[in-house]
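Across the two complexes that follow, subunit A remains constant while its partner is subunit B and subsequently subunit C.
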Partner chain A sequence: MVGLSEGEKHFIRGGIAQDLRSDGRKRLQFRSISVETGVIPQANGSARVRLGATDVIASIKAELGKPSILRPDKGKVSIFVDCSPTAAPMFEGRGGEELSNDLSVALQRCLLGGTSGAGAGIDLSSLIIVDGKVCWDLYIDGLVISSDGNLLDALAAAIKVALSNTGIPKVSVLGASSDEQPDVDVSDEEFLQFDTSGVPVIVTLTKVGRHYIVDATSEEESQMSSAISVSVNRRGQICGLTKRGGAGLDPSVVLDMISVANSVSQQLITVLDSEIAAAEASEE
Partner chain B sequence: MRDLQPSLNQTQRVRLQSALRQLHSLPSSSSSSPLSSVAVADPIQVNHDDNILKGHGTLDCDGEVVATLCGVVERVNKLVYVRALRARYKPEVGDIIVGRVIEIAPKRWRLEINFSQVAVLMLSSMNLPDGIQRRRTAVDELNMRSIFEENDVICAEVRGFQHDGSLHLQARSQKYGKLERGQLLTVPAYLVKRRKQHFHHLEQYGVDLIIGCNGFIWVGEHVEAGENVGMLVEDQKKTSTAEEESWSFTPLETRKHICRIANAVRLLSALGFTLTVEAIVDTAEASLASNIEINDMLGAEFFVQTAEREVQRRASMVRKKG
Partner chain C sequence: MATTPMTYSPSQGAERRQKQQQMRRMSQELDWKRSDGRSFHQCRPACLQTGATNAASGSAYAEFGATKVIVSVFGPRESKKAMMYSDIGRLNCNVSFTTFATPIRGQGSDNKEYSAMLHKALEGAVILESFPKTTVDVFALVLESGGGDLPVIISCASLALADAGIMMYDLVSSVSVSCFGKNIVIDPTAEEEACQDGSLMIACMPARNEVTQLTLTGQWSTAKTNEAMELCMDACSKLASIMRSCLKKSANLSS
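And then the complex of A and B:
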């Protein structure tokens, strides 16, 4: 991964302790975010998010499917992440698989709520067309193009932007017979926008020494003892939580980190909103 | 250096474009030779009577010499070749480089220096810590890790190519050696020109700046030559607790200067300007003068301002010449 000498590691740790990181940021400051929408024409919605040198693409593809028997009134959403070998040589072949799986699982936990589908950031019942018969299956694919730390936050931001860029075709049900599969007509012209106000953002706090930082670069991540990713929605509610890294955390520290993440996330949402508006304006 | 792409707003974009256009129209500082940058398939002007030799990146096409690379046409006597920009570093004897140790092998360290192969630093071509000139023994060889470890950043000089084509380095002076307490930046190698001086001690800041010819740039706390060998590592082994470690951190004031200089380097390399110590210090001074936070140096506004300042500088240089 990143090779750093003792002197450089010491310098990075010192910077975090003194609240002045290597690129001049404070501990709770993000790198500049830039957002582009509609980057994949075939997809229903897509977005590219750059966070410093981290570069990710998210695309949303909607397909008609059958809801699961356990939850006949809800649509299905699945999230996959792929790490491109262009990001780092170690992602070549099957090298990126472990990281890809970790990221997909973390994103599912943070965005899709529990196994029952309750508490999901994406409103699953809005994906249903005919109860128990037809629903939309959303396939969310993330691609890591360039990796310089904080992939999870960038991917979550990209998914949020892509969802706000997504248009789902309007569907009208033709034959509404009760037992067999109903006929549906998918409109080519009319699209429905998603309600993305409930989609959370993820803020990862990386603990280095006694302090924690947001938006760590890969050099800083190499010095972390543990990291907590908190997903927070617009109303400041915690939607999900995952922890990485071997070192344990005191419960009081965890609570403190969550409250910090909560306040940072509100700034991030504001920045993302203005970036989304700018990206959509430039697209038109 | 990974690319920095600030998101510009409409007015900033217009300003940047006009600045870049002006830069194109102004002759660059080394414009004594005729304009010789080529893209792929551009014809290269040659005098066919001279019996020229076509070198790297050129092709004979219907009696005309065309370029097969994007870069600068170089002429050495009869040889005509294209030096590609955005390529790996090409070492020349005497270049001062900064590199990172990737492997310790018998009697030598192997270094990554952004060349097409790893560079070799022999144990025999470097000064021992005690400074005594003598034959290197097997004991010295066993203690090589106490001099440089894997991943250490070190500074050395290109000694020459061996018969088998491998590149050898040397570090026979107090000023070469391990670099600690600072950060390493990587920029495209073509942005660094070989000059007389590559070690800079910026006294007003207490910062050491080493501009390696291979595009590796070290910005760190100032240390007197020869006083720091292995000091930090021993310090750290003694100080185990975080409390004690914090005493050995770089002072905040110096760290601010290091970060400011480092961001100046990042900014200039993103703009594609040649990295000289004057340009770097000028940029850092300008950011101080206009009260720009260290982090905002990478933002859109200062990005555009730096481009505009370069236009003014070159324009005034042209006026002086004229």
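And then the complex of A and C:
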């Protein structure tokens, strides 16, 4: 929790009402975003994203597995988030667990689509190797290194960048008998790139007073009445949505927030795209 | 060598898969019959009852089709010693599933996030200032999971809170919809949920016209979101009036 005096609280709220926040930003302006790719050599793909003082890492590992019986034509993706106590003392023990669970569930909801696998940001059928027999299990791990608000947006951005950085080894199927587990050969030289054009970004709108802001710092988050996280893909479609905070919202306000988030997300996607290109150029 | 199955129920899986594929095929078409004969925008009949358990300050039982939920509310009672002083009350929510709630034993415990979701849906409605320094416990038990579990839990819990005499701004009612291709189907069964393309759940306070919790999965266009939200809000207000009449009935009986 952020300890703020009455004066400070008033200052934050007043600034937001006047469209000039404590760090000089406008209401719908993100902090400067910096992106680094390939930070974890052991992983298939990884990225570090810094949004102001918020610092997160996403790593992607692919392992060979078996598709589930109910969805034999789709690979599996699991998302976990870890909030390390190194980021903040309150993340130690149970406190971190709750937040980690919240973030993992929100990310799963925003990236993995419906139970039928339709509408997923990650194309699950591209992870299949042999129908019903072998597929890639994708493990997406998020780590919060330093927390200054807006963790969900930062994590989603990190996952998006990490996925674009991911190379999945090329697999050739050797024995193709009908009922036995087929033998596969995993190449260590050839890698397939992932199609990440459909991966959405998450924009969280935090409502303070009568206005909403994007990319809230933890000080601003402490003043929120409620927040809505919307995940939007490149085509402007909504891929997921969660609400936080206790206060109720009028349905028309919710719809307005969704449309604002939608327009902000397109800017964010453009920024991320150029950052990804720059990060890849510097890596080479 | 690898042909021996790990578990002894392979045929059941195949059967279920076939059934699901059939569901999927049907759902692509514009007009199909729901397994329980309802139309797309027809909810399951709601059976609500207060005073399900004796020991609790308030309790409620809800039965929506195959989904059966029981919620007990305890308190307000003294917060645990370890808790710090707080000038507003605490709401502690816990959702658990019986081991026999799901077709495969013990699968209900996969839904770990339900407790947090229930808390988020209710905290905006309960007047926490009315019981400082104390805690209200809300324990929900899903006896049978038949689809739309969370909305039923939320509605039932707010009924139990009202039964316990906890001050609230308004009753919270909750409804979910599933989306299949172009179709929006209200109050899905477990079968329908298993192959949905997306879902939207709203918990709201109808009298105040406020949304307390909203979740959405899958891809939705803005127009479709609007349509689904409108549908849910309308269903929520109708459900709330059923909940209200249930409370009135029990109050009349006791007086």
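Operating definition for what follows: the second predicted complex is superposed on the first by the 283 of 284 C-alpha atoms of A that agree within 3 Å, B and C clash if a C-alpha of one lies under 4 Å from a C-alpha of the other, contacts with A are read in each partner's own complex, and residues count from 1 in each chain.
Operating definition for what follows: contacts are C-beta pairs under 8 Å (C-beta built on N, C-alpha and C of every residue); 3 or more make two chains touch, one makes a residue touch a chain.
None of these values were measured; they are calculated from a predicted model.
Superposition note: with subunit A as the common reference, subunit B and subunit C can be accommodated side by side.
Among subunit B and subunit C, the chain that touches a larger number of residues in subunit A is C.
In the overlay built on the shared chain, the residue A:V271 is in contact with neither subunit B nor subunit C. Applying the stated contact rule after C-alpha superposition, one finds that A:I145 touches neither subunit B nor subunit C.
In the superposition on chain A, contact of A:Q18 is made with subunit B only, not with subunit C.
Chain centres taken from Cα atoms put the angle at subunit A, between subunit B and subunit C, at 110 degrees to the nearest 10.
In the superposed model, A:V184 makes contact with neither subunit B nor subunit C.
Contacts of A:L255 after superposition: subunit C is touched, whereas subunit B is not reached.
Shortest separation of subunit B and subunit C in the overlay equals 13 Å (C-alpha atoms, whole Å). Touching of subunit A by both subunit B and subunit C, each in its own complex, is seen for no residue at all. Residues 2-3, 5-7, 100, 102, 149-153, 178-184, 220, 232-233, 236, 242, 245-246, 248-250, 252, 255-256, 259-260, 262-263, 266, 293-295, 297-299 of subunit B touch subunit A in their complex. Residue ranges of subunit A in contact with subunit B, taken from their complex: 3-8, 10-11, 13-15, 17-18, 20-26, 29, 32, 34, 50, 52-53, 146, 148, 209-210, 275, 278. Residues of subunit C that touch subunit A in their complex: 1-3, 13-14, 16-17, 20, 24, 112-113, 116, 120, 123-125, 169, 179, 193-199, 204-205, 208-222, 225-226, 229-230, 233. Taken in their complex, subunit A has these residues touching subunit C: 69-70, 72, 98, 101-102, 105, 109-110, 112-116, 118-119, 179-181, 226, 228, 233, 236-251, 254-255, 258-259, 262.
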